[in-house]
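Note that subunit A is present in both complexes that follow, paired respectively with subunit B and with subunit C.
Presenting the complex of A and B:
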């Protein structure tokens, strides 16, 4: 038999590819598509206390539009998102620049800088709960030591969002720093030498060279943090459970309570799908921005 | 415009000394090329002139101004980098205008300078493009444009042609040479390519181990190399070297004691050097002679036809050697022929330290 007889035709190649990849494709579909489709299905149904289901069409979504708690949850989610993201980006970039320029910093110190995001959120939440305790916490102790009035922190409807944003920033700004540091290390050194010869001051170099060159990296970090922040749950649930009152009741916390405290699975599914759509929208918008700032 | 004066310059990194003690005068309007092998200190020297590396000791003057410790931006120099170092997020126009904007120059003046330089370099059509949308040659021109708009006292080039393909390199080389004649500015060009050095320089600085081996015009460096290193570095293919000795009353190749074709004057120089030396002959300075013309008998091992001429590889007294011959000879591997160095084209170097024998 000649060698040509063994040659694989395009059709045969396609068939082999389909056969070989079918198990992986089916597994992926089962693991990803099924829960999504099931949640969509749940969102179009209501469930009675006896567990009987009935098709309700877009009823859950109509209810959502008229639900003040939904709009409040959306507002809390977005406020926490914008505040946390801004803090994490500013601090993350600052920390990355610090680590980038402090090249002689011992490895252990570098590791300590970036360690918070390795801590389980439950541990971080409990730790901050103790630190921020109005009567026995270290935070108020320090405030009074420097002559400032103590704060209610997580117990204050006014301060709960900034406080949670601060906790999340403590945990995730180092993660942003790590991403930005990677971006900084990949920038061509000769560009900085050219800027030096061109007469750019350190501030001008940062504003006109570093920051624009880092934008694609910063947008990537923004996308990653956006997904997490819009779905923010763990630390809020540990520290406030949406309180005081409903001051930190994000969409995710609200959906969880609707589903698992009030057992309204259909409405909870509609809430979560809406949140998912918001996350998708934000990610798509930033993805476009990443294309626009690429160099 | 200004010359450059380097006086007893030392550059060390910790205990490692790159430049031990270097002095050099570059005249105003001169095109000087630093050439040498990797690690010889040529780029370090250029970066010191640019102000990108501090001086360990010694003095550096640009024009009348001592510039030790003066920031790069205040030295009135412009530099073209090996990787061009264009600002990748800026348009070509902004790349060229950046330094002028930082100086606070009026927009109309910036615009006229940028467009003038762009016209000179034929890059007007690319002013709105980003560097990633340009070819290597176009980026190279933008990098030069960025330097030109500043109208500096000194242009510094750090191996700017090394990222270009051979054809483009030859073209840009000629363009830089033409530019230097047009701008009449002091230019310092670093390269490891001796052809670039020979074709562009008014004077060449051959460096090895941070020490100037020779500083002279391309013609002198080629015709009268100061030592064996320079002789071997300048010229392609490289100069052939043979160990020679004075034995009895004749010059011979040291390896096999066969007669070496040195005339009376060279013989006298050899004897004056305790009878031991290294003879150097460039491949292009061999001539093919007939059997009875007292040439060196050689057997061709390899033939490299280059079109305009042909290189033949052979051995003389056990040492590999190359000769450049007329392609009409149509030499073949295995053939035997007789080669003779052209009169006055044999160089003699001290066997111990490589210096040319007086």
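Presenting the complex of A and C:
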């Protein structure tokens, strides 16, 4: 028998590869596709509070358009998203620059800077709940010590969103910093040497060189935080459950309560699919932006 | 009397009579009948299940059944239950349920197995079904079907600091009006202490508010419509929110039992409406044992109509082995186990257990426990299980009640606006089939 008899043609190789990887591909597709398809199916059905199920077409989506609580939830979700993202990007970039330039900072201090995002959200939520308790919390104690009036923090309809944004920023700004720090470390030194020779000030160097070169990294961090922030749930559920009143009732919290507290799985699915579409839209928009700022 | 009420009465009486006749016939009860089977128990990780599961090994030894415990926090347990039940899965055999909250809903959805039949055909001689609280059995009976067996009895009671009341020259309040008067005096006498605290968190409000509404003489529904805007309903909303706004801690709109217990235990609250179940948490560390007094929920114009609820054990309608599941339920709600749970601070839903010498000895060790038992006796004898609207969408109805109370605490709406908005949403819920 000649060697040619054993030779594998490209077509045969492709067929073998396809056959061998098919189970894994099918399994992965099923794991991703089934829950999505099932949720879409649920979204076209109505479940009464007694569990009775009936096909309702786009009924859940019509209800959603007319539901004041949905629009309020959307507003709360977007307000929290914009505020938290802005804070996290500004503080994250600042922290990254600090860590980048403070070369002599011991490793343990660097680790402490970025440790909050390693904390489980439940622990972080409970910890802040105690700190911000208007009666026995440390936050009001400190405010009154420096002569400022105490705040109701999470119990105030006015302050609850900024307070939750502050908690999330405390936890996730270090994560943004870590991504930006990676970007800073990969910037070409030659550009900085040229800027130095031309006599550029540190501020000009930052504005004209560092920031534009970092934009792809910042957009990546923005995409990652956008996905998390738009479906923000854990800290809110632990601290306020959407309250006081409905002041922190984001779409995700609203959908969870409709589905698992009021047992209307159909309407909850429609709410969650709408939220998923919003997340997809935002991610697609930022992906395009990333392409535009790539260098 | 409505058809449902008649069916309930008939069923409870039948269950009680059945218990008497079955006790004799079940003298030689075979606990090993389902040896080798595995029963899955979906549990809420609360003090009630924690006390029960201390004796898990005893059950397995007695029956030869393996007990698989699937435990979650309350909300996560419901989340899992809804998923399992919607799929008609037999993964869960026994689950914990609050009839006052989800009973109507789960019964209408057909998720509960019928225990009235099981308890008649398979009951040990010493089970004493008739010895269980009739009020709780009634609360767990829907359309003539007994859907769960009571594990404990609980309800909101008044906790107060005897030392602070004495210092401020206030007698322990016996009526709601006296609570407000006492809070006013305490506020003037000691500005460092929170005069009064109760639940302000939206989904949690209904538990304590319902007792106030009933004591004042109000009702949730009249002629098939929401009745929150009736004069008594408005009075209850106004009084409850005023007490919390004027005398409660800052941030009370986020207060549920955890925050209230912590505030009281650390000595920062003078009076509180909170669950009898929280006694152990409130007394943790022993600091409050000597300066705490307990009393039933103070009376209103309609006297005392205490809220009495309890966790129940239900058999899933989709269980493939309901008989083995029932064995676990009857063991867990038997007089012997409930006596053992009682000395761990789980109030027994059996009046006979409350008179047991061993339990009485435990009660008599502390005056606080004696007052606790006295308050529980009032719950057991006069209790109503109506927490929120008696409709299938009960959990959602509690949200509207909580919203109205929060709107008033935060002064976001007038009393008329708050109750009208609540009534509008509640009428839509009531109309749902």
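What we mean here is this: the second predicted complex is superposed on the first by the 293 of 295 C-alpha atoms of A that agree within 3 Å, B and C clash if a C-alpha of one lies under 4 Å from a C-alpha of the other, contacts with A are read in each partner's own complex, and residues count from 1 in each chain.
The criterion applied here is as follows: a contact is a pair of C-beta atoms (placed from the backbone, for glycine too) under 8 Å apart; a residue touches a chain by one contact, two chains touch by 3 or more.
No experiment lies behind these values; they were computed from the predicted model shown.
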So, after the overlay on subunit A, do subunit B and subunit C clash or fit? They fit
- Task: Considering only the touch criterion stated at the top, classify A:213 as touching first (subunit B), second (subunit C), both, or neither.
- Result: first
Figure out whether A:191 sits in contact with subunit B (first) or subunit C (second), or with both, or with neither.
first
With the two complexes superposed on chain A, say which partner A:234 touches: subunit B (first), subunit C (second), both, or neither. neither
Vertex subunit A, Cα centroids of subunit B and subunit C as endpoints: angle rounded to a multiple of 10 degrees is 150
After the superposition on A, what does A:204 contact: first (subunit B), second (subunit C), both or neither?
first
Per residue count on subunit A, the busier partner among subunit B and subunit C is C
- Please work out whether A:295 is in contact with subunit B alone, subunit C alone, both, or neither, and reply first, second, both or neither. first
In the superposed arrangement, does A:67 touch subunit B (first), subunit C (second), both or neither? neither
For A:261, is the partner it touches subunit B (first), subunit C (second), both, or none of the two (neither)? second
After superposing the two complexes, the shortest C-alpha distance between subunit B and subunit C, in Å, is 50
In subunit A, both subunit B and subunit C touch residues none
Residue positions on subunit B within touch of subunit A in the complex are 50-52, 71-74, 77-79, 81-83, 85-89, 98-99, 102-103, 130, 132, 146, 150
Subunit A residues touching subunit C in their complex are 47-52, 133-136, 150, 152-155, 157, 239-246, 257, 259-263, 265
Interface with subunit B, subunit A side, in the complex: residues 188, 190-191, 193-200, 204, 208-209, 212-213, 215, 295
Per the touch rule above, subunit C residues touching subunit A in the complex are 75, 78-79, 82, 85-86, 105, 108-111, 194, 201-203, 249-254, 259, 262-263, 266, 268, 392-393, 395-396, 399, 403, 406-407, 410, 412, 432-433
